[in-house]
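Each of the two complexes below includes subunit A, the first together with subunit B, the second together with subunit C.
Let's turn to the complex of A and B:
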C-alpha cells in the first residue's frame, strides 16, 4: 500500500473534543503559576489563619466559622494574583497572534487556563481545610464538621480567580497582577466596615460567616442545627459572579461562533441574575434567637428544633451537666462550683442539677443585640439551675483558667442567690445568708470583702455580681453593714448547725419573712 | 545560541559599572557577541517594547556611539544621558508607575475621609503602602533581559536611581495624602513600612524575577495586617521583622525594615532583576 492510498486519519482533536479539552487542561495544569503560588498561599494560611483558628476552643462551630473568613483572606490575594498573571500570559509572551490561529477558539483556551488556576487553588485550600478539620476532629468531644463554611470559602476561589483572570486578560500590564492582588485583599478585608446590623446587603461577602457585629455563636451545631441560610446565599452569589465574569470575558474576546456568543450572553445574564438575587436575599436576613442569620426565603423551620444530646455530668454534690461538645470544660467547671454546691445540696428548693443552656439572642433597637438565658435560671420540678458558660458568650475567647474564675465569681453566687431568693429587692436577711454561704464556701467575690483583705484563697476576682449572665442579679451584703456582720456570724457557725437552721427556715427566708435579728 | 547559553557566558560581569572595557576573556566575548546580535530584533520587531539606548548596538544607531563607548568614569554628552534616562524610564514603565502611585495616594486620601473602625483605620495605610511598594518593584522588570544586561553599563546606576526616586515619590505621596487626616502611624510609619516592603520586592526581583517581584510585598501584607490584628487578639506576633505591627518609633522594627531595604537595593543595583528575555509587560 502506498502512502497516497492510505485512508486519511481523522485528527483526535476534532473526533474527541472532550479528550482534547482534557489534554489542554493537563497542559495548563503543568504550566500554571498557581502551582508555584501554592506554597505561598499555604504559608499565608498557616501564619495568619491556623494560629487564630487553633486558638479558639475545640468546637466545630467556632473552628468552622473562623476557617471561612481566614481562608478566604489568605487565599484570595495569591489566587487573584496568579490568575491575573496567567490571564496576561499571551500578551506578556507575545504569543497572542500565534495562538489565535490554532484550532481551539480563544474562549476555550482562556477557560482552560482559568480552570487550571482554579484547580490548583482548590487543591491547596482543601489541603488546609483537611488539616484544620482533622486536628479539630481529634480535639472536639462531640459533633461533626460543619461543611457550609468550607463550601463558601471554596466557592470564593473560582470567583476571585475569574475576576483576576479577567483583569489580566483585558488589561495586560506589569501592574495588573499586583494591583488586582491588593484590590482583592482590600475589598474582602475592609468591605466589612460597611456591615451594620443583621440586615445588610454586605453580608454577602464570603468573609462573613456569622453575624458580623457579635461574631460566631458557639451554640450553632451544638444546641441547635447550623443555619445554612446565609451560606446558601453566599454560594449563590459567588457562583453567579463566576459565571457572569467568565461569560463577559468570552464576549469581550470577540471570538467564536455566533452560537458561542449567544451562549455567552445568556450565561452572563444568568450569572448576574443569580448574583443579584443572592444580594437581595442577604439583605432580608435577620438575627435569629440562636445567634445565626436567618433568611426567610431560604429558611428551613425544621432547623429551629434543638439538637438531641446526652449531657455529660460531674459527680459533685449537685451534678453539673454540660453539652457533650463542652465536655473538656466539665472538670474545671465542676471544681469551680463544688464548694458552693456543697453548701446548698439537699436544702429544700435547692437545684437538683446544674444544666448548661444555650444563649438566646435578641435584636434590639438600632444595632444593639441582647443575649442571655431564654427563661428563669431556676425552673422545673425538680428544680434545675440553667447556666451559661463564659465560653458560650460573644466576645474574646477565654482560657480554661479564666473560665473557671468567672464561673466561681458569677455563677456560684447566682446559684446560691437563686436558693435564698436574693436579689435587688430582697431583705437584709437574704443578703446576709447569701453572703454567709459564699464565705463558708470561700467564694466571696472580691468586691464584697473589706478593703485591704488579701484576695487569694478565700475570694475570687470578677465583675460585680449584678453583671451576672443569668438575668438574676445577686446583691450580697456590703462590707461594714449590719447584714455583713450577720453574715460573718452565720458563716462562723458549724456546718451542721448552719445546715440545720437553713432546713428549718429557708422557706421563710425565701419569702422575705425573716429579719436580720432572727439569724443565729 | 539560546538564552541559557548567553546566561552561562561570563559576559554578565559587564553588568557591573566599569570605567573601561570589561575584562572578558576573548572566548567569552566571542560567545557573547552573537547573543547581542540575536537579541537586537526586539527593538525592531512590531509591538516590541522600547529598548534602552544601551541595549542596541552602537553601529545601528547614529549618534549613540559616544554614549555606548563612555563608561561611568568618562564624561558623556548631557543630551545622550537624558535620552538614556528617558528610554530607561520608558522601558520600565516608570511614568505609568508614578501615575499609579499618585492614584494610590488619592485613593488613600479618599479612604481616610471615610469612617473606619480600629481594625480598618490601622490596616488601611498598610494596604496602600503595599500597593505603592508593589508598583515600585514592578518597575524593575526588564523587557529586554540578558541582552540589556550584557551591553548596558549604566544599568546599575539607572536601577539605583530609579528605585530610590520611585520610593521617595511613594513615601512623599502617601505622607502628603495623610496630611490633615488621621493617618495611623503617621509619616514615620509610611517611611518604614514602604521601605521595608520595597526591599522585600527588590529581593524577590533578584531571586524569582522582576515580573513576579510583587509577590513579596503582597505576601507580606497578610502577616503584616495580622500582626496589627494581634495587638488585640492573642497570641500576638511581636517580632520586629513584622514591622507593620510595631509602633512607628520602634527602633528594632525600623532597623529590620532598613536592613531589608538596603539589602534589596544593593542586590538589585549589583545584579538587577532576574528576567527572562522573552517576556515583556
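Let's turn to the complex of A and C:
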C-alpha cells in the first residue's frame, strides 16, 4: 500500500445515469453465467430442434411454427437456471451487506444483472433464428420469413429469465438454480396438457405456435396471410409477466424511496393486467377456416383475403399448377399424375387444369378438427380440379416419395372419378370405367387388385387412412365383381378405341344412364 | 460531528447486540475496540445503514438515515469494509472496485481515475487486472479497502481491516488511515490494540453491547498503569478497563 494523496476533489461532475447504467451492464455482461450457458443452450437447440425443424418442408409457416416451441423449450431451462444462479449471486458470494449499503437502489442493481443475463440469452437465440431462417431462405421457393413466431419465442426469454432471477433472488441457495432449470422445462412442457379445443386459455403458453390439435398450417403465409392474433396475445402475456415479475421483485427487495415503491406497484399492476388480459383474449380464440387461431378482439378481417400468387405449372397433358411455395413438389406431383391425366386429357368435361387449393378447417367438439376442400373438387368453367397435397394436410410429415405415392393413389383416382361421375351412389358402369382407366394408367390402388397380384409396376400402394372427406380413398369396382371384369375388358381395349368410346358415351356414363352390359 | 449516536440499541431476537450506545465522532480515526462478541460489528453495520437500529437516534454526516433520500446521500459518501468480505471470483481487481464506484453513484467521468487511485493506494496497481480468485487473503483484504475508499468517503467504516495483512502492509495501512483521517471520519473496529495505538486519535471500548470506555489512546494507556495484564501499555489499559467493567 502506498500513502499517496488522493486526487483533490474537483468541481462536481454531473453524473450521467445512462453512462453509469451502461458501464454497470458492461460489467455484468462480462461476468454473467448465461455467457457460459450459451453453448449449452445452442447445443440443446441444435440437438432437439434444429434438425427437426429443417426436416420439415421448406415452407416459412412450418419452419417458423416449428422454431417457436422448440426454441422456447431448448432455451428455457438454461436461461432460467443461469438467471436463478445470477439472482442468488449476492447471497452465495456473501456480498449482500457490501452492495446493500451502496447508494444505487437494489432494484436497479438487480435489473442490470437480469438484463445482462437476458441479453446473452437473446443473442444466443437470435443466432439460432438467423441460422434457421437463413437456411430456409435458401430452400424456400416463395414467401418470406414469418416473424411473429420468432418474436413470441424471443419474448419468452425475458419472462423465463425474470422468473428464474426472482427465484434466485428470493430463495438464494445453491440448489435454486438446478431446481429452477428442471422446473422451467416441466412447466413449459406440461403447459399444453390442458388445452381442449381452440378456445383454451392455455393457448397462451409460448410453446403453442398453432392450433394445438392439428399443428402448424402450411397454408399460413402461402394461401392466406399469417394471422398474428395468438402471437400478439402471447407477446402481451409474456411482456406483462416479465414486467410484473420485475415489479414484484422490486417491491420484495425493499425498494427504498416512496416514489420507487409506487412505481413498482404501478408497474406490477400494469404487468398483471396485461398478462391477465392476454390470457382472457387467448380464451376467446377460435380455429378459423384457414387453420389459424383467430381472436375476435385482435383479428384483422383484411388478413382473411387470400394472397395473390402466380402458380407454377407442369407441362403435362393437363397442367398441374401448384402454389409457388410448393414448387419443389411440382416435378414429383406432375410425374405421379401424368399417366392418369393422359387417360382423360381432351375428354368432354375433363379438367382443363389441376390446381392446388388451401385446406379448410372446422373445429369439432373437444379436440376434434375437420379439414378438407372448401368446395367441390371439380368446378368452374372451364373445369378446374382442386387438389390438396398430402404435405398440406395435418399429420405426420411425408417424404417426397411418399407424397408422390399418395398423389397417385388418392388424387389420381379422384380426378378420373370426377370425370366419370363416379363416387358414392354411382352406377356399376361408372365404377368399371373408372377402374379401367386406372388400370390403363397402371395406377390401380393396391386395394383394388385381386389378392396375390404382384403390385410392382402396375399399381400404387393403397391409400393411407387420411381423415376428411377429400382424402378418402376411391372405392371403385371390387376385385371379382362383374364390374371388375368389365373394367378389365375395357382396359384391355386399344387406347384409341377406349378414347373413342369415351368421347361418344361419357355424357351418358356420367349421367348414370349406361349399364355394365353396354360397355365394350 | 459526522457520527452522532444516542441511546442506540440493536437486538437480534433475544440477543442485545448493541445496548443504549452513545457515541460522537468527527473527522479523524476512531478506534472501536472490544473482545469477540462485544457488538462492534453490529454497531458498525448499523452505522453503515446495513441494518436499522431497534431503537435510539442515529445521525450520519448530519443526516437521519431513516429517510430514503438522506440515506441515499449518506451512502454516496460512505465507505464500508465488512468483517467477512464477499467478492465475485471472476472480477478483476479494477472491475470489482469500478463496480462499487458505480454502485456508489460516483460521477461516471471520475470513475476511471478514482479506481486507479484507489487500487494504487492499497498497493495493487500491478495486480489491477488480476482476477480476484487468484489473489491471496491479504490482497483480497486490500481490494476490500480499495472499494471502500474509491469514492473518497466522508465516513469510512472498517471492520477488522488489518486481518490477514502482514506487518509491513499493516504499517502502511495505518499510514493510509492517518492520511484519510485528515478529511474524513474513520471508524476502525478491531481487536488488535496496536492498530488503535498507532493510528487512532480517539478510541471506544465495547463489551457486551455497551461502550465501557471512551477517550484517547493515551487515556486508555493511563487506565492500565499498575493494573491489568498484557505486553504493551495499551493492552494493559484494555484489559484493566474490561476487568473493571465485568462483575
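Everything that follows uses one rule, which is that the second predicted complex is superposed on the first by the 495 of 520 C-alpha atoms of A that agree within 3 Å, B and C clash if a C-alpha of one lies under 4 Å from a C-alpha of the other, contacts with A are read in each partner's own complex, and residues count from 1 in each chain.
The rule is short, and it goes like this: contacts are C-beta pairs under 8 Å (C-beta built on N, C-alpha and C of every residue); 3 or more make two chains touch, one makes a residue touch a chain.
Predicted, not measured: the structure shown is a model, and the values here were computed from it.
Visitor: Looking at the overlay, what does A:189 touch: subunit B (first), subunit C (second), both, or neither?
Guide: The first partner, subunit B, only.
Visitor: Output check: A:104 vs subunit B and subunit C. Expected answer is one of first, second, both, neither. What do you get?
Guide: In the superposed model, A:104 contacts subunit C only, not subunit B.
Visitor: Touching A:369, do we find subunit B (first), subunit C (second), both, or neither?
Guide: neither
Visitor: So, does A:493 touch the first partner subunit B, the second partner subunit C, both, or neither?
Guide: Touch status of A:493: no partner.
Visitor: After the superposition on A, what does A:258 contact: first (subunit B), second (subunit C), both or neither?
Guide: After superposing on A, A:258 lies in contact with subunit C but is clear of subunit B.
Visitor: According to the stated criteria, A:93 is in contact with first (subunit B), second (subunit C), both, or neither; which is it?
Guide: A:93 sits against subunit B and subunit C alike.
Visitor: Please work out whether A:31 is in contact with subunit B alone, subunit C alone, both, or neither, and reply first, second, both or neither.
Guide: Touch partner of A:31: subunit C, not subunit B.
Visitor: Pick out the shared contact residues on subunit A: the ones touching subunit B in one complex and subunit C in the other.
Guide: In subunit A, positions 93-94 sit in both the subunit B and subunit C interfaces.
Visitor: Which positions of subunit C touch subunit A when the two form their complex?
Guide: The touching residues are 45, 48-50, 68-69, 71-73, 75-76, 78, 80, 82, 84-91, 95, 98-100, 102-111, 113-114, 117, 120-123, 142, 147, 149, 152, 169, 172-173, 175-176, 179-180.
Visitor: Within the complex, which stretch of subunit B touches subunit A?
Guide: My answer: residues 47, 93, 96-97, 100, 114-117, 120, 123-124, 127, 130-131, 134-135, 137-139, 141, 211-212, 214-215, 217-219, 221-223, 225-226, 233-235, 278-281.
Visitor: Hey, which residues of subunit A end up touching subunit C in the complex?
Guide: It is residues 1-7, 9-10, 12-16, 19-20, 23-24, 27, 30-31, 89-90, 93-105, 109, 256-258 of subunit A that touch subunit C.
Visitor: Using the touch rule from the top, collect the residues of subunit A that touch subunit B in their complex.
Guide: Within the complex, subunit A contacts subunit B at residues 33, 37, 40, 43-44, 47-48, 51-52, 55, 73-74, 77-78, 81, 85, 92-94, 172-175, 177-179, 181-182, 185-186, 189-190, 193, 396.
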